[in-house]
Amino acid sequence: MKLIKETCEGDRFFGFLLIKELHRKVATNGSEYFDIVLADASGIISAKLWDISEEQKATFSIKKIVKVDGIVSLYRQQKQLQIQRIRLSLPEDDIEIQTLIQKADVSREELWQELRMIIEEIQSPTLQKLVKTVLMVKETREALTTIPAGMKMHHSYYAGLLEHVVTLMQSALQLFPIYPQLNKDLIIATCLLHDIGKTIELSDPIAPEYTTEGELIGHIVLGIELINDAAKEAGISSRDEELLALKHCILSHHGDVDLGYGSAISGKLPEAIFFHYLDQLDAKLNAMKLSFKGNSEEWVYSPMLRRKIRNLNKE
Amino acid sequence: MKLIKETCEGDRFFGFLLIKELHRKVATNGSEYFDIVLADASGIISAKLWDISEEQKATFSIKKIVKVDGIVSLYRQQKQLQIQRIRLSLPEDDIEIQTLIQKADVSREELWQELRMIIEEIQSPTLQKLVKTVLMVKETREALTTIPAGMKMHHSYYAGLLEHVVTLMQSALQLFPIYPQLNKDLIIATCLLHDIGKTIELSDPIAPEYTTEGELIGHIVLGIELINDAAKEAGISSRDEELLALKHCILSHHGDVDLGYGSAISGKLPEAIFFHYLDQLDAKLNAMKLSFKGNSEEWVYSPMLRRKIRNLNKE
Amino acid sequence: MKLIKETCEGDRFFGFLLIKELHRKVATNGSEYFDIVLADASGIISAKLWDISEEQKATFSIKKIVKVDGIVSLYRQQKQLQIQRIRLSLPEDDIEIQTLIQKADVSREELWQELRMIIEEIQSPTLQKLVKTVLMVKETREALTTIPAGMKMHHSYYAGLLEHVVTLMQSALQLFPIYPQLNKDLIIATCLLHDIGKTIELSDPIAPEYTTEGELIGHIVLGIELINDAAKEAGISSRDEELLALKHCILSHHGDVDLGYGSAISGKLPEAIFFHYLDQLDAKLNAMKLSFKGNSEEWVYSPMLRRKIRNLNKE
Amino acid sequence: MKLIKETCEGDRFFGFLLIKELHRKVATNGSEYFDIVLADASGIISAKLWDISEEQKATFSIKKIVKVDGIVSLYRQQKQLQIQRIRLSLPEDDIEIQTLIQKADVSREELWQELRMIIEEIQSPTLQKLVKTVLMVKETREALTTIPAGMKMHHSYYAGLLEHVVTLMQSALQLFPIYPQLNKDLIIATCLLHDIGKTIELSDPIAPEYTTEGELIGHIVLGIELINDAAKEAGISSRDEELLALKHCILSHHGDVDLGYGSAISGKLPEAIFFHYLDQLDAKLNAMKLSFKGNSEEWVYSPMLRRKIRNLNKE
Amino acid sequence: MKLIKETCEGDRFFGFLLIKELHRKVATNGSEYFDIVLADASGIISAKLWDISEEQKATFSIKKIVKVDGIVSLYRQQKQLQIQRIRLSLPEDDIEIQTLIQKADVSREELWQELRMIIEEIQSPTLQKLVKTVLMVKETREALTTIPAGMKMHHSYYAGLLEHVVTLMQSALQLFPIYPQLNKDLIIATCLLHDIGKTIELSDPIAPEYTTEGELIGHIVLGIELINDAAKEAGISSRDEELLALKHCILSHHGDVDLGYGSAISGKLPEAIFFHYLDQLDAKLNAMKLSFKGNSEEWVYSPMLRRKIRNLNKE
Amino acid sequence: MKLIKETCEGDRFFGFLLIKELHRKVATNGSEYFDIVLADASGIISAKLWDISEEQKATFSIKKIVKVDGIVSLYRQQKQLQIQRIRLSLPEDDIEIQTLIQKADVSREELWQELRMIIEEIQSPTLQKLVKTVLMVKETREALTTIPAGMKMHHSYYAGLLEHVVTLMQSALQLFPIYPQLNKDLIIATCLLHDIGKTIELSDPIAPEYTTEGELIGHIVLGIELINDAAKEAGISSRDEELLALKHCILSHHGDVDLGYGSAISGKLPEAIFFHYLDQLDAKLNAMKLSFKGNSEEWVYSPMLRRKIRNLNKE
């Protein structure tokens, strides 16, 4: 059975898909239809389901699994599925939602294991305690290990944030011997916590939307609030130098304020500057990897870079 | 006795001044001297004090009052005082520091009275309680009523922040009948608290410097932290809609993020947009007023607007 | 009978509408159709009228009223009317164009009355005479009291410019006690005349288009020309200080030149700075109000701010 | 006798110079001195005149000629004259101000002759009449033929504007055969009148300063006003298509509005686009020529381009 | 027989067209179709060819000529041809590809003749030899005389680059008497070679696409490489001053680096500055001419200027 | 003996220094003096040498060593040496220039050894051969191992470029395991050659100035030329895919073209994006390290970041 990413224009697709978005609309002739986004582990495809029945209206919803038969077409460079048959999955189909979710390349369990091991390498009692206290909150821990790092641009898949965080930690560890002047603990803690506010900004790991807090406060300051709460819980003074430095690295991680990318302060510590570039590097490389994935073209459009990029190493 | 603002090039100045900045330096000939900034209630003037004695080295310091005799000169458009005689003030001089500090036009006591009356007009129990809880902290209250609103640009004098806050509240109250769609309580609270983080960002009302927290976190996020602490103290939920809206207005009050002026989020509430323009209007008008003050020229350079502005209403 | 703003996808609309735009086009099959924009007092909706008859070609035109029966659909977030029956209104329908035009909240007569009263408060004989002379020209007066303040962004409805002007005057009057340093007459005159060039820039109050003068000269300089003509008529010297100051406030009211929003000169008078922010504040708040109007969603897209904004006070 | 431009650091200068700027100041020791700018036909040099006598205070002023003996020094890359002897010129010195003014390469008379001949080539009766009517005003004609095109950047010398205008006309005439689609009369008139507002913006050809009208209205709109006055005088309708097109070319000649260089409207006619680039080309080439003039260095700093430029063709 | 440019919505088109682009796609119903772009000497029109036969799949391709019968429609402001009958041209049709290609106004042969004559006017042996050596390479010469100057913006037709180059040379020759300080040979050589890298950047004169070298290196540096090769061939030292100056003019011809238009260095020679503005002028005027061509509207949208422009001289 | 960096205002400095810049000037009183920049291994200090003798004029020059006795003073935040005694070093002083040059932290020999070892790890025969051929040119190899990476911003000391290159290679090697999708050989070659054009752009390792080629062509394109020459020498085709990719990474290493930092093309390969961020990271961290060096202040101004930065790890 082909995956969505592997289909070409004109291919037939037959198999199970997850409903990721669903909007009920009215056609020109007055009849109702669904505008939906379907997904498997390789990517997404949009579709329209015409002349929907009352039963479909009542039972179809986000995160349900459907069995679909259809033809892949292209509209404005985007794949669309022309549905010919569709039904909700049944218990006897024995299909699990986990198999239809796009995920990080490494398993979530391994990533989590790696993250916990790296935390143990933090020498500073203050920063280690702080990090652990943040992760003691079950909702935070669960969200951190399941949500994507973003809606669209990079690491935009199940547990994408966790993969991003662990990759940054690993990169940082690799570079520390080369830049011995850097405070390692501060950087490890920044890697782990820089996007922690996204656990509140995004509503759900599988069909994420922005929450009200996300829209009004933004993930950078939401992260600072989570850290402040943990610091209080852990008995760390709000004037603690390490705490201040950590918050500075997070508040400045989108680059200089005057670039207008949303930093609340411009980086004034080597660790803040170091982290900013490492974060950019990982985000951009992941975005390019996603654009190339399953794509056999030599030149591929990258939404993050807003230009065509070249797949030099394609098989 | 002339005030500093009233002196012209070549004038003799004779009287008491406050030492606002003091740096000890070494001259070409190896002897030491002071590079100082002196102030009275009308403004500041820089000076060099040559060949300083051991006693002067031991006793001169910031916030001390001196009696000076000198000639005013101009260097690169800035007034400098050529000191001919100088000594520390003596008890019998009977000169008080309050008389040498540049202040708001209205007395601090009246401004405070006005502010407290306006707080009583807040209808929302949540916002009124929040505001009062913030002001219950003595350090915050004292700083709010004494520090300038900034180092240089606008309201850069004793109790300048208080004057800025009260003026904004009064302006908002005046405009509410015209924009009835606005949430009045939210705006009043934003006026009061938008720069509350400056109570931590600046070190001192009379000779202010940026604190470490100010440099690393910035006054916008420092303000959010003060508000979060007060909300907890007052038993207001961190998910409270009014609290979120207030924080949004503060986080966005420097304008759209992509302008690069330091907002952490772009304004998404009418109240946030309203406040941003009111704040800009008051800051710019105050800056222009300060540039005109005591200045009899028709065209005056405004550091905030970075161009010459015209004093149309000069006497 | 529902208004356009109140309809949802799938609703039937039955009633009278005004033809605001009409373009005759040829369909794929060679037959001709109309691409039209219909309006009532609550908003606009686009539609296509297929297989038009010779009679329809001859009689349908802009500003005609039609009786329509159709279904509301959505295409790319925009409402479209699927017309099932349509005919021109008849005398016996007894429907007046005034009832189908989107208008300011306050009546045009009241606004005009208010504007005339405020003009009387101008103390400067020069500025009062100038303002009155501008309004003595019938075409100017009629346009000022009927045209929108713009095509799309804010106050984009019948007599929107008048409402904008009167609101600005009222706001300014409210703030004068707080900023006594300002020249009140100069600001009142600026409020009234800042967009007076739009009376030439826009062709018509009900179905406005840009005129050739509007495209080639722009409303700011067209306004200056109207003022110069009036000044000559009123015997005011072209070197008059008040006239110069008024023109300066108008030429700079789009903000600093280097922002690239079309000011011909950067503001150098406190009155110019004050007016710029007041104008921005009113324009943005009106734009947000229009976006919220009749909209029951919590988050609404604002074309002027180019982001989603939140309807905090929705009923 | 060497010219200022020809002097090097350490050279003695002995001869007549014009006082272009003069500011009376007070030295550290309380004595008064002059801060002055002196000029000859080749350039300017600044100087300080110490311990000035009462007679000097009473008689030295702008546009007076002095006989000077001094040594040239360098301070922050600028030449300064260390004055050893100075006196006002006497009748018997027989020195004329004309010999000390920096001028265009071609004589003002020839330029004026050329300009008048080119005006005769305008075919459009409307545009020819308009241009002639503008030049019928004696003040305008005198200023146009004497003032510099700007304070500092390009053609910043006596009759610089006239030279700039005539060069533009000549360039345009040369290019017309290559771009036959262009309206020649419109472009000739634009060349002549594009900076005509500078005749009001600048106060004086020899020691120019910005006038109040210049600061508040700017030369672009001042030019439009002069043209409107002439059109009325000449009986040309304010709706005349050629008049509108001419005003459009002038209002847009600083380039697209969103670049923030001060155009009131973006160019929408080929003639406007053509003129904009021709004007830039002439201004930049003249600025570079001025930087090279009398300079034997291979690399010279250009204030207009804000970088070092190379003198490839130096002798 | 009408040309494409002359057709209006609803017109029938009957005649020969060139296939400029061809993409094979699958329709919703599973059948295949062609998405094609057709061209004649006046412009292009897109079309869809439904239910294509096996023979069509096998024989239709880029640069083939077809005989078409169809109706012109409009979709999103673009003309589309609703094909009713289509077949490949036959030998007996006696139609030549040259008649279906959009070309420069002057014949390619005349342009080439002109270019060769101007090369002879180069006085510098080095530059003349260099230019001739570049043109000695057959592929370069053929591409230079056939490719468009760009894909879309200006001179986007057969031999457009040649026309652009010759026009620039003619303009430069016309302006040399006015700017005698310029190095004529250097500018002539720059005119000829400034876009020479496009001979590698674009794949084909009739159906051009970007090559891999074009995407990865860009035409500016590709041009430098061609020049370096020619210089070696001609025995010109890589340190030759004229060669350096020529390369500088090419590397800087997109304007100052900090504008972000792709110059590798900012212009530091008068010749570089001169050429930049001349090139802009010619490109913009040609783009406007193309927008006006065959267009009878008063206002036309210009893709290069991104606004509506006015056809003042339309017949 | 103290190093320059270790001196404070008022300290006496006594020892050997290298003359890095020397300008002969004329004082106000007509006597000549030297304006010089002196250096030891820790940094630079400026000085003036008054009343210079004929012998000094004849013998003092750049790269000479002097023995100096003086007092350190501060002028506009810069250290200046008030020279009391000075003489050229004598053979018997037995002082070597190497001891007075600021250098990389690691020895040049070790860096070179490291670089050669890493070159051996390049698997691609093409890229390894290319790199080795570039380094076979003696001038290139010598310059690469001695010049600074820049005049001021980062790695601005003897062999700074070599240190920068080797650090980038080491960083890249460390990150390869984390980003296995990257072409390692391409990145190693880019690290080595990205700034190779600086070997021509800068004139000298000890007292570097920009060469004519540097000013007119810039180091990016100069590097491409060196690589092209080497490719020809090594028999690598100009169409070789690896060569193209390498040149692309170099041409794009200053970031996206529209940022205006001088890239000739925007990055379209993951390797180009990766390298850009790695290069920025190393440059900025080195710049901050240089600012901190020998500085005991908590906050230090960073010329590269244009703000104060914080020395968290100061001893």
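Letters are used for the chains, namely A, B, C, D, E and F, taken in the order the chains are written, and counting of residues starts over at 1 for each.
The working rule: contacts are C-beta pairs under 8 Å (C-beta built on N, C-alpha and C of every residue); 3 or more make two chains touch, one makes a residue touch a chain.
What you see is a predicted model, and the numbers here were worked out from it, not measured in a lab.
Colleague: Starting from the defined contact criterion, work out which chains touch subunit E and subunit F both, please.
Modeller: Looking at subunit F and subunit E together, the chains touching each of them are A, D.
Colleague: Spelling it out: a chain qualifies if it touches subunit B and also touches subunit C; which chains qualify?
Modeller: A, D
Colleague: Counting one step per pair of touching chains, how far is subunit D from subunit B at the shortest?
Modeller: Shortest path length, in steps: 1.
Colleague: Interface check for copies subunit D and subunit F. Shared numbers divided by all numbers used: above half gives same, below half gives different; which is it?
Modeller: Homomeric contact, different residues on each side for the most part.
Colleague: Could you work out which pair in C-D, B-D or B-C copies the interface of E-F, where over half of the contact pairs coincide by residue number?
Modeller: C-D
Colleague: Let me have the rounded angstrom distance from the C-alpha centre of subunit A over to the C-alpha centre of subunit F, please.
Modeller: 41
Colleague: For subunit A and subunit B, let me know how many angstrom lie between their CA-based centres, rounded off.
Modeller: The computed centroid separation for subunit A versus subunit B comes out at 43 Å.
Colleague: Hey, what residues on subunit D touch two or more of the other chains?
Modeller: Within subunit D, the residues that touch at least two other chains are 212, 215-216, 245, 268-269, 308, 310.
Colleague: Counting only chain pairs that touch, give me the topology of the graph as line, ring, star, complete or other.
Modeller: Shape of the chain contacts: other, as it matches none of the listed patterns.
Colleague: Can you list every touching chain pair?
Modeller: A-B, A-C, A-E, A-F, B-C, B-D, B-F, C-D, C-E, D-E, D-F, E-F
Colleague: How about subunit C: which of its residues touch subunit E in the complex?
Modeller: 25-30, 32, 212, 215-216
Colleague: Which residues, counting only subunit F, touch subunit E once they are in their complex?
Modeller: Subunit F reaches subunit E through residues 212-213, 215-218, 220-221, 224-225, 228, 238-239, 244-245, 247-248, 251, 256-262, 264-265, 268-269.
Colleague: In the complex formed with subunit F, which residues of subunit A make contact?
Modeller: 167, 170-171, 174-175, 177-179, 181-183, 241, 245, 266-271, 273-274, 277-278, 280-281, 284-285, 288-289, 305, 307-310, 312-313
Colleague: Touching subunit A in the complex: which residues of subunit C?
Modeller: Subunit C reaches subunit A through residues 9-10, 71-74, 82, 299, 308, 310.
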